[in-house]
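These notes open a run of structures that come right after.
Below, chain A partners chain B and then partners chain C, in two separate complexes.
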Partner chain A sequence: MFKDLDPILHSQLRLAVMSLLISVQEAEFTFLKEKTNATAGNLSVQIQKLKDAGYIDVIKQFKDNYPQTICRISKKGIEAFEKYVTNLKTYLGQ
Partner chain B sequence: MSAEKFTPEQSLQLIRTMIEKVKQDVTENSFFLLLWGWLVFAAAILHYALMKFTSIAQPWLSWNLMWVGAAISIYYGIRKGRRQKTRTFLDDTMRLFGIGTGIMFTVLAFIMGAFEIWMYSFPIYFALYGYMTFVIGAIIRFPLLRWAAGCCWAIAIVSVFANFDIQLLLMALVVLISYIVPGYVLQSRQKTQMIKV
Partner chain C sequence: MSQENQLTEKESLELITRMINKAKDACHDTGITAIMWGLVIVICSLVRFAELQFEFRLPFDIYMLTYVAVIPQIYFSIREKKRRKVRTYDDRFQDGLWLAFGISIALLIFIVGRLYREWDPVNDQFETLTGTAGFKLYEYIAAFFLMLYAIPTFVTGMTMKFKPMFWGGLLCWICCIASLFLPVKTDMLLIALSAAGAWLIPGIIMERDYQRAKKHLANTDV
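And now, the complex of A and B:
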């Protein structure tokens, strides 16, 4: 039924992450976890899938001596997200 | 969150919900409006009082309060940056505009001092306050600031015909209109939002 919808994005948690990242330039892993109410393990797996698809960039660094993971949507990710929303609207007849 | 029975309607709703969650709180900008508003207000009134009611030779020293503002702004900015979990275009725009404004006023103060043309400085500052207020109002979408900018520009024109003493009082009026009143309006909105949460 939803053959035109990007399977990478048509998953609740991955879509939630992409929707958050589309609104900000970059966000910490803890921020994404807090807003999506996902478990750290599940979120890590989904972020890795988005990274493998080239939709986001993941930067690992240290902040005040603590490890910090920052996620940033890529150009490819923005294009995929826009296409996904356009297709969604087509389905919904908007 | 699961992937089961994930319809296009739910999908669109999820996107809307997530975007709503990161909608930026512009009311936090009240801190800088109030800080700079009260500092400039105090410096202008102090300058006027020292000039009118005392025999102090350098009443303009009251403007050293601006260094206090710069120190507090830098400290607050660094502290806020450390706590922030996201970086947005709005944050970057406001930060760069703030830095640019600070540099512009410092350079202007240097030029006015070098040419000893302090008597002409206030009308120029009033016009620039109007410009800054207008731009901030546009960035954070706060229409009250556009009206305040209009008042600043009107006062800038009027101030050309006023003497230096009156210009000092007009400076206090300008920051009251463009910084202090909008700052408190933003702050009250912030409190209302916190009560709702």
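And now, the complex of A and C:
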């Protein structure tokens, strides 16, 4: 039986962000922007949604007098991502 | 990239794979530090070998170059930290491993200096009294350094799945054993060989991969 895919993750930009974060310990906002080629505004909105879902932690700090945003996947985010991939594989019959 | 695009299951899986590869490609280390330390140790060892072989002495200890090399090392580390937009799980491990190695090498230099000071007068007395050759402590020093060189190099090679360093670490251990049976002069060549095999050559390969990855990333888009 097919399970519903997590709507939070089943969107292009949010899934791209989660896929990047699953591979690293933490990443700067600029890194995510560079890799996804998204606009800063759109990326901010999607990061906020992931944060609200508890999938990522967002740390805002200053580096060399400039604001810096660091994103890190949470334990809940890892579990959700793993479940999403498992469900995807079920759909694809892998 | 717009978040509004609805993905098919196949597209989702492709996107995940592409992004994971992108993150992986972005995590290439530069080989600058390895090249620098490899070169420094090769130069120091070869100069020391020449001093022993051709019986001359520079007005300063060539190994002082290793202290000077700490300055560019600090510069490279700060520059790297500033440039780094992403931190992987391996980064912290690698930082800790090489820092521990640096501390251990500094301690070994201190211990060896101390040993010489304590041992030399005793050895001289022994030789004077018995007329026989005493224990030649300096014959064994290279082995300790080579043994230490191997540890972080081998571990880095294993954990990062970077074969040149894996083989470089093994080469250091082989040279460590060989140094026990060869004269001090040859030990210097073994140290040079180990530094070239463990750091200089892997550093060049790492830097080449880094430059390639940088160029590749600059040419790709999501």
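By definition in this document, the second predicted complex is superposed on the first by the 91 of 94 C-alpha atoms of A that agree within 3 Å, B and C clash if a C-alpha of one lies under 4 Å from a C-alpha of the other, contacts with A are read in each partner's own complex, and residues count from 1 in each chain.
Please note the rule applied: contacts are C-beta pairs under 8 Å (C-beta built on N, C-alpha and C of every residue); 3 or more make two chains touch, one makes a residue touch a chain.
Since the model is a prediction, treat every value here as computed from it, not as a measurement.
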| item | value |
| --- | --- |
| Superposed partners chain B and chain C on chain A - clash or fit | clash |
| Contacts of A:S23 with chain B and chain C, given as first, second, both or neither | both |
| Partner chain(s) touched by A:S11 [first = chain B, second = chain C, both, neither] | both |
| Chain C-contacting residues of chain A that also contact chain B | 5, 10-13, 15-16, 19-20, 22-28, 30-31, 34-38, 64, 85, 88-89, 91-92 |
| Touching residues on chain B, where the partner in the complex is chain A | 1-3, 6, 8-9, 11-12, 14-15, 17-19, 21-23, 82, 85-89, 92 |
| Residue numbers on chain A that touch chain B, as the complex places them | 2, 5, 10-13, 15-16, 19-20, 22-28, 30-31, 34-38, 63-64, 85, 88-89, 91-92 |
| Sites on chain A touched by chain C in the complex | 5, 10-16, 19-20, 22-28, 30-31, 34-38, 42, 45-46, 64, 85, 88-89, 91-92 |
| Partner chain A, residues of chain C touching it in the complex | 1-7, 9-10, 12-13, 15-16, 18-20, 22-24, 26-27, 82, 85-89, 91-92, 221-222 |
